[in-house]
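Each structure below appears as structure tokens.
Two complexes, one shared chain (chain A), two partners (chain B, chain C).
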Partner chain A sequence: MIQYIVRRLLVAIPMLLGAMSIVFFAMRVLPSDPCVAMMGGDATAAALADCSKNLGLDRPLAAQYVNYLWRSVRFDFGTSFRQGYPVGEYIARMFPHTFVLVMASAVVAALVGIPIGIISALKRRNPLIDYPLRIFALLGLSMPVFWLGILLLIVFSLRFDLFPLIGGGDLEGVISMIRSGEMFSYPRDFLKAVGDVLYHLTLPALALGFTLAATVSRLSRSAMLEVVSQDYIRTARAKGNIERIVIYKHALRNMMVPLLTIVGVFIAIALTGTVLTETVFTRPGLGKMLVDAIGARDYPLAQGAVTVFTMIIIVVNLVVDMLYAVVDPRITYR
Partner chain B sequence: MAIVRRAETVDLPIPARDEVRGRLGPQLRRWLPILIGALLAAAMIVMAAAAPLLAPMSPSAQFSNAVLKGPGAVEGHWLGTDEFGRDILSRIIWGARVSLEVGLASVMIAFTIGVPLGILAGFRGGRTETAIMRGADMLMAFPTLLLALIIVTALGGSLVNEILAIGIALLPNFVRLARSLSLTIRENDYIMAARAIGAGQLRLMARHVFPNALYALIVVATLYIATAIRTEASLSFLGLGVPPPTPTWGNILSDGRQYIKCCPWITTFSGLAIMLAVLAFNIVGDALRDLLDPRMRGD
Partner chain C sequence: MPRHTRPISSTLVALACLLATLVWNAAPGAAPAEAQRKILNIAAKEPDTLDPHSSTLGQSQAIARFMFRGLTRFAIKDGKVTTAETEPDLAESWTLSPDGTVWTFKLRKGVQFHKGYGEMTAEDVKFSLERQINKTPGTRYGVNLEIIKSIEVVDPHTIQIALKSFDPIFLLRMVGYQNGYIVSKKAAEKPDQFKWNPIGTGPFYFDRHVPREKIVLKAFDKFAGGRPQIDEVHWYDVPEDATKLIGLEKGTFDLLYPEVVTADFAEQIKKMGYLIDRRGPGSQERFYINMTKPPFDDIRVRRAFMHAIDRKAIKETLYPGDLARLATSCVSPGYFGHIPMQFPEYNPEMAKKLLAEAGHPNGFTIKNYFISKSFFYPKVLTLAQEQLKKVGINVELQIVEHATFHENIRKNLNPFVLYGGTRITDADPWLSLFFESTEIPDPATGNKGTNFAHYKSMDDLLQAGRVERDVKKRAAIYAEAQKRLERDLVCLPLEDVPGQWARNQKRVSTPFSPDYGEYSLHYSYNYPELLKIVN
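And now, the complex of A and B:
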């Protein structure tokens, strides 16, 4: 087991390195010069050279590359060209927003997707149930999250004025209240702040969660189909158990193992989804930060965001792989 | 006695009408989704190909008397107009071109590069396989949209670059699938037979492995056309796609975002077009997979 973990970690390192190299070189062949982008076309040659020097862009590409790798390993992504403060700090500030969005939409996706997948697997011979559910899954897979987001905004924010149009609420405030222990001394203020965050979170989480629910429902459907065809389910039935017990006690628990496989895929899709969701809802977060950084040609910020995205995905997949052994003792690693 | 009688009634032959329905039902259930999906996809292809004939007006023509008018508010503008007084219906019809071009061309790129690499990896094994698969894994670390976003940022937004970016982003999926298919296929007796009569490696891969993998690859390619269309729309929406004034569904939607308060039709119709196009290829791909792989159907 430990040997497996070490080997799996060793495989992850070149993968991360490769992914980071792709990011670095892609960002370096960008057509427009960041100094020109920042200072405008009228800037003098001297001013541009000065800017280039300040940003370290005058150094050889190889030196910039090694420097980037070495600093990334220490989570030091340099200083944002535009904002002028450390990228790491910026990322740390944006991360919680993206984190709560991913988590909230995961909850929505699981609450909607898993039951739908199970029902459509168990009732697959009843077209009146199976068909609408499969259509729902297809619609969810095909609906772009940014369009669903806009439709939700049109209906719930503009027409009924139930939810805000932009922003992410005072998440920093909530976090600092948790850290300082103020949440216990001022519970009312704390709950109010949490409520505000949830108020801002509802529509984005629904939009992203619904599109993800489709993927979850399909995977739970096939996981359930796989499980109900197993011998132990036949045994459970043969023992004379009623169908409900067979499903709840025997099938559901075993379904969770194949379902775990999708956590890695899920996080990857959800993180990509945040890029679009945060843009539509004008919510702070890593995804919106990435889009803004690309628009402003802010290399370090964009590189930092993509590196963090990639790291999260690789690490989540690693953890999921290891969790299998814990959840399913039949799996052994060599 | 009563038990026997009940058993007899159960064993009675099913009435003829139900028998007919029973035979037609599964057939209909199998083919109806393909038909709906294929019709939607065909509609999109016709729309893209015949845009100059179908569009009621030019997609860039500006009508100063019809700025931000709702569907049907001004004669001739069935789906309304945008902030420059351009006809939304015409822009959506022309927008089908970019979506379809990117959708088909990027999948073709991923297919023509990815499939040979995957077959080679699966068939040859050893170092060739390790090298190809590590490269694919590295690209796989990025979700499709993120990778396409990085590449298109690096190359700049244009039709060709967008096709390249999405093609490269989809590439590892084809490499992986082709490899796993060729791993299975190479164990077949007919491969051994072909080898015995002196077929070379290239011939084995091109004439025996590839044709046998083709069905599964086509199914997956159809599903990835849907992914490519959605990715294109996402890139356009983020302002990284084909630059204006060329209409794309993503940039119509993105431009319409500023006007959702007064004029929700701009975003509603362009988004609907994206969804229907993606849905069409998803339905066709799904139905094809069900037809070819009965295990996935679950009955």
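And now, the complex of A and C:
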């Protein structure tokens, strides 16, 4: 297993380099440049030239590329052209918000989508149950996340004043307390901070999770249909087990591998969905930061964000592969 | 229930209860001390810097006004703020030498910088101007101060600024706006820190920045004009206008700086019972026609173009009612030197006739016309495209990123250019930027100017206007300049869109009328210290 992990990590390095190179050159192939983006139409030629020099953009492209790779190896992604903050610091601040949003919406998508998919598969011969469930799941697929998000804000934040309109909560406080160990010394304050994060997370997670639940439910339905058609399910029934045991003990367990795949795919899809969610709910996060950085031609920030996204996908896929071996003892890695 | 299902469902229920408890307990109530403080909540976008000399973004310039001041300020006359006149601010008086080239400013005594950075002196004024003239990395407005030859500190409260020649708008350049802001020399000598730790003399000082969330400003007790009534300003980064509207209705926000004020947005504000503060002169959207690029090198084609464009229809479609005013001149009202101009009336038949006379009886096609996907550009161009099509001028649009659009129009790729903006409120900088021959963009030389019309027939008037000391004569020079534009048909203004912020007037008051009670540039509140929380 260790050898397998090491091999996978080694393979991940060229993948990461490839992604970083693509974003480096793609940003520079785009028309216009960061100085025009920052200074706007009024900038004189001299001012634009000064700006390019200050940002190091007047150097040959190859020199910029080598410098970029060398710094990235040392985890130095430079400073944001636009705001001047160190990119690493910026990403470290934004990443936890995106992470908790993606995880929370994964939970929502799983809690909504997987049961719907399973029940829909098991009751596929009963249209009175199957059709409404599938329609309900498809609603999530049809509703754009920004539309659903605004609807949730109007109903639950504005009309009923149950949830906040903006912000990500005191996530920095939570992280700080975990790092310093104060979560044990001041459990009440810690729980309050956690509660604040969840308070701010509820509506965004519902919006993003629900819109993705349809995809999860369709994949779960397919997975369950495949499993229940297997011989061992027929055998389990033939042995006289009640249906609940057949499903929970036999079918679900064997569904874990495709379910893990679903989760892995979901993380990747959810990352793209965070852009609109973060915009509508005015949450800090990497998604919107990346889009803004590309639009502003903020090369270091965009490159740093894409690098982080790529690393997330690589790690998630690796973890999912590891978990295959955990949930299915027949799978081994060498 | 089978035993093995009990732990799963019980666990899920317990977890749900725990989460609900955590979330419920997190719902905040205002702490007593918090409830006493007067906090102004503004929903805008995040500035890219708080250095007032650095950014051209609207939100950066809007927030700068809360923290900085200049030697002069826009005058308050008859209860209104006008951009056509100035009055003293950090300078209490000034004199001008007989030859009009040396200004001597007497600074107010006892004006304090934020956070204990001491009293403002002439050294700070000299530094603030020179850092821009010397093009300190990151500063943007040095070009506006190129008229300055030298700056001399006479004593701690007297400064002499010598100009290369008489500058009729020098006092406007010294207004607390862009290049006119005075910063603390001690603080700004470290520009990387200053960007996010600005020190000025304005009514509010910078407290903290939570990236992509908010900036907090606090009332400056030692502000020269008296401590503001508002204790804190929370400037939130809210990119989505729909969220801003919900926040205004909910009471989360008191002021909104919308991305775009559409008819729907204005209607929503009206339904809530709130209002929109409209500030002139605003931004003008207009077409520049490149008179050197065929077929627009023929004046008949330019006239046909103008006859084909229905300005009223474009204005009413995009900015119905009070959201904008039909432009009356290529120099907007509110700018010194403005006179109403005459433009060819909307008349598609006349346009077709003129095109036929010019050798285009079937019209012509413009391929690869680049237009920005941002702001008003795509909407205006789509409407114009339809109108031009009716007379036979087919424009094939290529919608590109805003930055790309700016790059391409400076390569002269478009035969006519849609452009918008606001400038310092005088005809000279306005006309110079767009009609002086030195500003003709030329990819061969790397000139990225903004004279998109490639106009060369105004240089003499601009030079004369810059040295004319008589106000009436100066106005006549710019009137003549606008007449020439009328004659040569290179500029077609569409509408003047005011600066617009939404305000909950039941919570926040301002002494100026919401309907053009203030003229301002890139910010709607010249005097944020006069804003008051009333509820």
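Rule of thumb we're sticking to: the second predicted complex is superposed on the first by the 294 of 334 C-alpha atoms of A that agree within 3 Å, B and C clash if a C-alpha of one lies under 4 Å from a C-alpha of the other, contacts with A are read in each partner's own complex, and residues count from 1 in each chain.
The rule we apply is simple: contacts are C-beta pairs under 8 Å (C-beta built on N, C-alpha and C of every residue); 3 or more make two chains touch, one makes a residue touch a chain.
Keep in mind the model is a prediction, meaning the values are calculated, not measured.
When the two complexes are overlaid on chain A, chain B and chain C occupy overlapping space and clash.
Applying the stated contact rule after C-alpha superposition, one finds that A:F77 touches neither chain B nor chain C.
Using the contact criterion defined above for the overlaid structures, shared-chain residue A:I150 touches chain B and also reaches chain C.
Of the two partner chains placed by the overlay, chain B and chain C both lie in contact with A:G295.
Once chain A of one complex is fitted onto chain A of the other, the partner contacts of A:F210 are absent, as it touches neither chain B nor chain C.
In the superposition on chain A, contact of A:L271 is made with chain B only, not with chain C. With both structures placed on the common chain, the touch criterion links A:I313 to chain B but leaves chain C unconnected.
Contacts of A:F24 after superposition on the shared chain: neither chain B nor chain C is touched. For chain A, the partner touching the most residues, choosing from chain B and chain C, is C. In the superposition on chain A, no contact is made by A:F136 with either chain B or chain C. Shared-chain residue A:T279: touches chain B and chain C both.
The superposed model places chain C right into chain B at 78-86; the other stretches listed in 42-50, 78-86 or 204-212 stay free of clashes. Of the residues of chain A, those at positions 30-31, 146, 150, 153-154, 158, 279-280, 295 touch chain B in one of the two structures and chain C in the other.
Interface residues of chain A facing chain C in the complex, by the touch rule stated above, are 30-33, 36-50, 54, 82-85, 90, 93-94, 146, 150, 153-154, 157-158, 161-162, 165-169, 191-192, 194-199, 202, 242, 244-245, 248-249, 279-282, 284-285, 288-289, 295-297. Those residues of chain A that touch chain B in the shared complex are 14-16, 18-19, 22-23, 25-27, 29-31, 121, 124-125, 127, 138-139, 141-144, 146-147, 150-151, 153-154, 158, 221-222, 225, 268-269, 271-272, 275-276, 279-280, 290-291, 294-295, 302, 306, 309-310, 313-314.
Contacts from chain C toward chain A in the complex involve residues 2, 4-5, 19, 21-28, 48-49, 55-56, 135, 137-138, 140, 142-143, 192, 195-196, 210-213, 236-240, 242-243, 246-247, 249-250, 252, 400-408, 419, 421, 433, 446-450.
Remark: chain B residues 29, 134-135, 137-139, 141-147, 149-151, 153-156, 226, 230, 233-234, 237-240, 253, 257, 260-261, 264, 267-268, 271-272, 274-276, 278-279, 282-283, 286, 296, 298-299 touch chain A in the complex.
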